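First the structure, in the form of structure tokens, and then the observations on it.
The chains carry the letters A, B, C, D, E, F, G and H, assigned in the order they are written, with residues numbered from 1 in each.
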Amino acid sequence: MSFVDLGFARVDTDRRTRRGFPEVIFCAGKLPEQVLSIARTLLDADGIVLGTRATREHFEAVVAEFPDARFHTAARCITIVRQSMPAMVGQVAVVCAGTSDIPVAEEAAVTLDTFGSAVDRISDVGVAGIHRLIAVRDRLESCNAVIVAAGMEGALPSAVAGLVSKPVIAVPTSIGYGASFGGIAALLGMLNSCGSGVTVVNIDNGFGAAYAAANISRLLSLQSAS
Amino acid sequence: MSFVDLGFARVDTDRRTRRGFPEVIFCAGKLPEQVLSIARTLLDADGIVLGTRATREHFEAVVAEFPDARFHTAARCITIVRQSMPAMVGQVAVVCAGTSDIPVAEEAAVTLDTFGSAVDRISDVGVAGIHRLIAVRDRLESCNAVIVAAGMEGALPSAVAGLVSKPVIAVPTSIGYGASFGGIAALLGMLNSCGSGVTVVNIDNGFGAAYAAANISRLLSLQSAS
Amino acid sequence: MSFVDLGFARVDTDRRTRRGFPEVIFCAGKLPEQVLSIARTLLDADGIVLGTRATREHFEAVVAEFPDARFHTAARCITIVRQSMPAMVGQVAVVCAGTSDIPVAEEAAVTLDTFGSAVDRISDVGVAGIHRLIAVRDRLESCNAVIVAAGMEGALPSAVAGLVSKPVIAVPTSIGYGASFGGIAALLGMLNSCGSGVTVVNIDNGFGAAYAAANISRLLSLQSAS
Amino acid sequence: MSFVDLGFARVDTDRRTRRGFPEVIFCAGKLPEQVLSIARTLLDADGIVLGTRATREHFEAVVAEFPDARFHTAARCITIVRQSMPAMVGQVAVVCAGTSDIPVAEEAAVTLDTFGSAVDRISDVGVAGIHRLIAVRDRLESCNAVIVAAGMEGALPSAVAGLVSKPVIAVPTSIGYGASFGGIAALLGMLNSCGSGVTVVNIDNGFGAAYAAANISRLLSLQSAS
Amino acid sequence: MSFVDLGFARVDTDRRTRRGFPEVIFCAGKLPEQVLSIARTLLDADGIVLGTRATREHFEAVVAEFPDARFHTAARCITIVRQSMPAMVGQVAVVCAGTSDIPVAEEAAVTLDTFGSAVDRISDVGVAGIHRLIAVRDRLESCNAVIVAAGMEGALPSAVAGLVSKPVIAVPTSIGYGASFGGIAALLGMLNSCGSGVTVVNIDNGFGAAYAAANISRLLSLQSAS
Amino acid sequence: MSFVDLGFARVDTDRRTRRGFPEVIFCAGKLPEQVLSIARTLLDADGIVLGTRATREHFEAVVAEFPDARFHTAARCITIVRQSMPAMVGQVAVVCAGTSDIPVAEEAAVTLDTFGSAVDRISDVGVAGIHRLIAVRDRLESCNAVIVAAGMEGALPSAVAGLVSKPVIAVPTSIGYGASFGGIAALLGMLNSCGSGVTVVNIDNGFGAAYAAANISRLLSLQSAS
Amino acid sequence: MSFVDLGFARVDTDRRTRRGFPEVIFCAGKLPEQVLSIARTLLDADGIVLGTRATREHFEAVVAEFPDARFHTAARCITIVRQSMPAMVGQVAVVCAGTSDIPVAEEAAVTLDTFGSAVDRISDVGVAGIHRLIAVRDRLESCNAVIVAAGMEGALPSAVAGLVSKPVIAVPTSIGYGASFGGIAALLGMLNSCGSGVTVVNIDNGFGAAYAAANISRLLSLQSAS
Amino acid sequence: MSFVDLGFARVDTDRRTRRGFPEVIFCAGKLPEQVLSIARTLLDADGIVLGTRATREHFEAVVAEFPDARFHTAARCITIVRQSMPAMVGQVAVVCAGTSDIPVAEEAAVTLDTFGSAVDRISDVGVAGIHRLIAVRDRLESCNAVIVAAGMEGALPSAVAGLVSKPVIAVPTSIGYGASFGGIAALLGMLNSCGSGVTVVNIDNGFGAAYAAANISRLLSLQSAS
């Protein structure tokens, strides 16, 4: 198994072979030149780069060398796509409970798009007005998987899981105040969901939810092709 | 303002005048003879006794002297009613998310009954099958207030609050496992409810929720009588 | 049941019919133009707008289009009132333990006012000088409900509940230092209140307490009218 | 959408149609006769019963009426299978870090088996001897999904996710001592996994992980059949 | 500075000279013969023994050798007094909020008595009926110091501190349920007390509070004698 | 009992009579004009003002009207002394574990000085070099009480309590990093101190510790005078 | 690298070669026959068995087959030594703060003894009587490393580290009450130790501390032999 | 035992004699002139100064008087070396899981270098690509000790401990997001490590880990010299 040693980082160029998707750059806490240097290595290896939790400084370092780099402001992501990932069958729903959860949902959507999955975005269907959710039930059921981002009490994944048969991946967001404790209330709500089979990723981890959902679509695509 | 000093306790015989409802005995941590002694004092003052968190030992000490005492097993309550509280207008709904929340709901129901309020009990309408809740919407709306007991992620009060116009009082229960942490997950879920106006009492505190709901019915009855 | 889909938000224009009060805009985390857009929709539907946790930037976006919008600085609220809510019987007391709790109390007061309830504000009656509280007992007793905002150890709701017969709704505030943990000490104090029937809302959630209190006044007004 | 109202419970007989798998009985906190009564209803509706967190008392109440009921001691599960779920393509790996994690892994394995999925059980491959894990890499890669149960520091899902391309569903177990805090250390470790796409269920929730994994196999089977 | 090495323990026989009071045996977690052996050493050195958190087994081992040993059941203390500590001026008030706090208050009272201080016990004066506390204000003010034991929300020390000029030492007790978390709510309430100068000891630590109060009386006695 | 109602505050002008020391202004969260207004009222009533947690803005508002106001930068305190408190017998030691704890110790020292107590400041005697503490043992023993401010693991109060006979009042400070959690580690260390009779105040609460220590000196002074 | 697959466990028979010490059996949560089976495998591979957290049931299963097995009651350990580990140079000090910490210290001592290290046991030298610790300073300094087990506030490692030059390995114990939280207070105290270079193991983990200390002695022995 | 009293600090000039390494300045929370003053004292006593958690302001105050002072930006350390510590045998590995952990690793590396130990830096070998770690196994095994800095789930120390025989000292870093809680997830992961003998220091405490590792090298050097 191969890797490229940049001194400050050992880029796992074997990742795509081993895991199905290439390595992604978690930009937070890295210097712009470090992000650029890793991007360069990944572009060589895979022809595709996704950087999450990126600042505009990270982007400027990258775009100076790779003018085809794009910055997704709401999602805080950098992408460079020279060799697209193969398009996968079906689509993934990205649902959010409230307007404030949109940045986390966008990180998921950009990741899905980069990984070759179509996305159906649905916003502001929190349980305080459950008729808004019931109105989109068929759209949800028609997807391969449903990502649900919610803050505050994190009740939405339970309600979604009660309505559809597709895998539900819950992302607690750090939205809320008082005793929401930066997403802990939502996280606990989701872990204790009465909706069977809901799985959970870290607070604000839109990327991780998208990775898991895309992987299901990837397996379905392989099955479909076989 | 009066009280009766029993040495180990100062019974607040002025409570009913001042607060609308008589003092109630929180039996946990008290010796059976202490519960009996306080019951004797309250019976003298108010003609009515409610003991919560009572064990069978507490009850046996009380019933030996007061044969008309009743033990409500599921609710863990003792009652002696010689002088009923005046019947209040309307009723209070006591809803629980799952079968395991019934003991907490029963503590609420016995308290309401003792305080003069009719009760409408509704069980097992958790959000994993939201159609079960929608089916009882009109029953909920017809009450003065709705008490909602739920464990696990505590999402039910939000869903109820989204459907009806009546005050919703949420009781987190210690039901659940793993990261439910004895009711903390449900408590946080309820405090962070996206359903406006939901208020919350302590974990498993069916009595407190019933007290608050009964007080609303008491005010409505006074208004009705005026 | 209706809603208006703005893309980023689904405004619940059915809320007032279903719940008695119109939808309110929680401005935190929303862009100024999003707040404006929702305000426009709600004004159409209900003729009244309340935005909480608003910044001056939110207000400026709104007032540019609706010159009759008002900004309540201490309460951090925006209001536009073209069609007043019907005035309700009685009033609600808004009590705070110390001077620093005033912003939370003001959020409650503005909400009550917008919803049609008269307000009696009482400041700085913490338990360290209990005679200051006893001096206002009759004012408290004459209200429909009492909202008590307190930080630090959150003891005031217990003391109030011991003195009056009206519903007490406790709001922990994030005021304090050291082991107050941003309001957790007050929150726990209130949840564990020895004052029967005290109910609690989230830390700093003056709006939620006001909603619950206004709802009691609304029911009393309906009863009174019937 | 249908349900059966047993008074203490509203059995969701519509669940299988809506969600792909029938309702399952969470036995903890329920009386033996309640479990029996729900089992009777589900058997009527679906021809298959799975009860989790069951005690021997629960089982004895069930087996007295349904002699073909089985008790899975290690997994603490009751099953009655009159109408098997259709066998799904492929299998699911159930991996555990240490011998003490086996009960949780067994709950997952019994659930998978009941839901129609083949299972590959792999025990005691914790990271303290990483060569034991590398030795089973091909077995893991050949499955549809990998469930990883681990206590203590919960590091195994990260290591597994680094080696294979299939979805990894992590189950923290309450195994450990001292600062493992009943599974919190493992839960946090898994939520913060550096292995992209790991999703997490509640502490000791073998059932939930199995549900999510079986759902992936169900979708693959549907795709395969189409 | 001297000590006696018993192998399993090094008894600090210099303690009384250095600190004003002799060493006390914390019996919890010690074998009965260990408690006996330390008691023997302390009796030799100081003529007085106090063992806290003692079980009946501890007592039986001690009384078999020292027939004048006494067991204080409610306080869970063993005492042997052959050489009384000199009587100190004044007395210390030991106040408890509710009946359930009495065991902790008794540990304080027995410690004070053993150390030579008179005690004024006052029970069940919680803030839910503040008139019960105001009725004893003069008794409190006449003491050298006031120990206040309270569970639940721990509000009583603040109220006491607001009424009297004497040092208030607060003892949170583990009484309560739900979100009292074994005394944490009371502990936080007391640490955040708005009553200036309240100091706090560990949960259920009646001994520690009594030690601190007795030390104030000791200093006042020395001052008085000078 | 009297108070002055300023609208936003009810100044407790009866405090000194009732409690021995005048009311003190906790400036944090108050507007400069509010601090000034309260200061004016207290100066009228008592001739002495102490404001804690004051910013330079608070001071500037006060000094503009009362040119004899002083700002104690390290202690973050404002004082105006027109009528000194009577000097008390003896002195109080204010000890800190490290250089970084000095601001908290200074808040204590300024409070003591304002209340009429002499102060002996001792810095940087943490347990990592225990000989530095042993060197000052006699100075500590000669005081009426010892205040010990420490962050990190908060071990110093235990060591001090082991060496001297005087009351030890521990102040955890928010100094430290990593798992010190803003003073929680020190707070827990002090609450669990093996040094009998150590009492604790809130994190960084130098004022509270000084109040308690001054009160002991006040009682000794009264005893001395009698 | 080798291992033996027992089905329920994969015994790491390569451990001693790779890590210097053989695999040890953590008995908690394992069935007696599982412990026996692993013991049999390890005895074959290494000629030496150490089982920690063992119950008498575990021991009886083992001693029935291996009559030379020993049970160390206080330490809760099983040992079978057919081929001793080579004796290492020097010794390791095992210090405990109080009598109640002895079980944890004994687990460390038995581990050290099994691994070939001499042990110097020192009990009850807590900081409340610091002269007891200073009296053993030379014994501590003469060892290769010092293990310090302490509960309550966990201050002893800091004091030891301040006195000697040898590595200090701290073991928090779950001894204490109230806010010691089962060892968390001691754990935090040790992590925040002002004594440079103190390292910490899990609560009650005497084995882990001994492993680390024995490893230092092993390296010193190798250096000495070279 | 000597110390130098600077008023605000008591510099422990006896430290090197007693503990093997000189006192180090923890700069956080100290004024630049305080750091300078302590540096002056230590330079006099030991000829070597190490300041950790230093800002550029601290450095500028020091370098103005001591032009040979160096600032290590990544490590946030100041060093002045006039009299080198004697070079120790062997080297210490400083490993970090990801690029973002480098600052903590650098604090360790600068400390080791200042204390006379050679350092082998190894970056970005997290468990998500375990082949990167296996590739450096021989380098790790050839060192005296291995420091492992990791954030997120903190799994790397377990993996390292499973591969090599040398002491592993784990440093949790505050790197991560969501439920990493500023390093708590990593800290708990490391405390619960299944890798026997891993010891842990405080979050981000690279200095403490280096001190412990250097001390092992110091003992090996002494043994080697004897």
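Quick notes on this structure:
As a working rule, a contact is a pair of C-beta atoms (placed from the backbone, for glycine too) under 8 Å apart; a residue touches a chain by one contact, two chains touch by 3 or more.
In this text, all values refer to a predicted model and were calculated from it rather than measured experimentally.
Shared contact partners of chain B and chain C, listed by label, are A, E. Of all chains in the assembly, those touching chain G and also chain H are D, F. For the pair chain B and chain E, the fraction of shared interface numbers is less than half, so the two copies use mostly different residues to meet. In terms of their C-alpha centroids, the spacing between chain C and chain D amounts to 45 Å.
Chain A and chain H, compared by their mean Cα positions, are separated by 36 Å. Centre-to-centre, using mean CA coordinates, chain B is 57 Å away from chain H.
Remark: chain A and chain D have CA centroids separated by 25 Å (rounded to whole angstrom).
Counting partner chains per residue, chain E has residues 98, 128-129, 161-163, 178-180, 184, 187, 191-192, 196, 202-203 touching two or more of them. Contact between chains, using the touch rule, shows up for A-B, A-C, A-D, A-H, B-C, B-D, B-E, C-E, C-F, D-G, D-H, E-F, E-G, F-G, F-H, G-H.
Across the complex, chain D meets chain G through its residues 98-100, 102, 123-125, 128-129, 131-132, 135, 175, 177-180. Per the touch definition, chain C reaches chain E in the complex via residues 97-98, 126-130, 134, 152-155, 158-159, 161-163, 176, 178-181, 184-186, 188-196. Remark: chain A residues 1, 3, 7-10, 12, 14-15, 26, 28-30, 34, 53, 172, 174, 183-184, 187, 202-205 touch chain H in the complex.
By the touch criterion stated above, chain A contacts chain D in their complex at residues 18-21, 24, 89, 144, 161-167, 169, 187, 191-192, 196-203, 207-209, 211-212, 214-216, 219-220, 223-224, 226.
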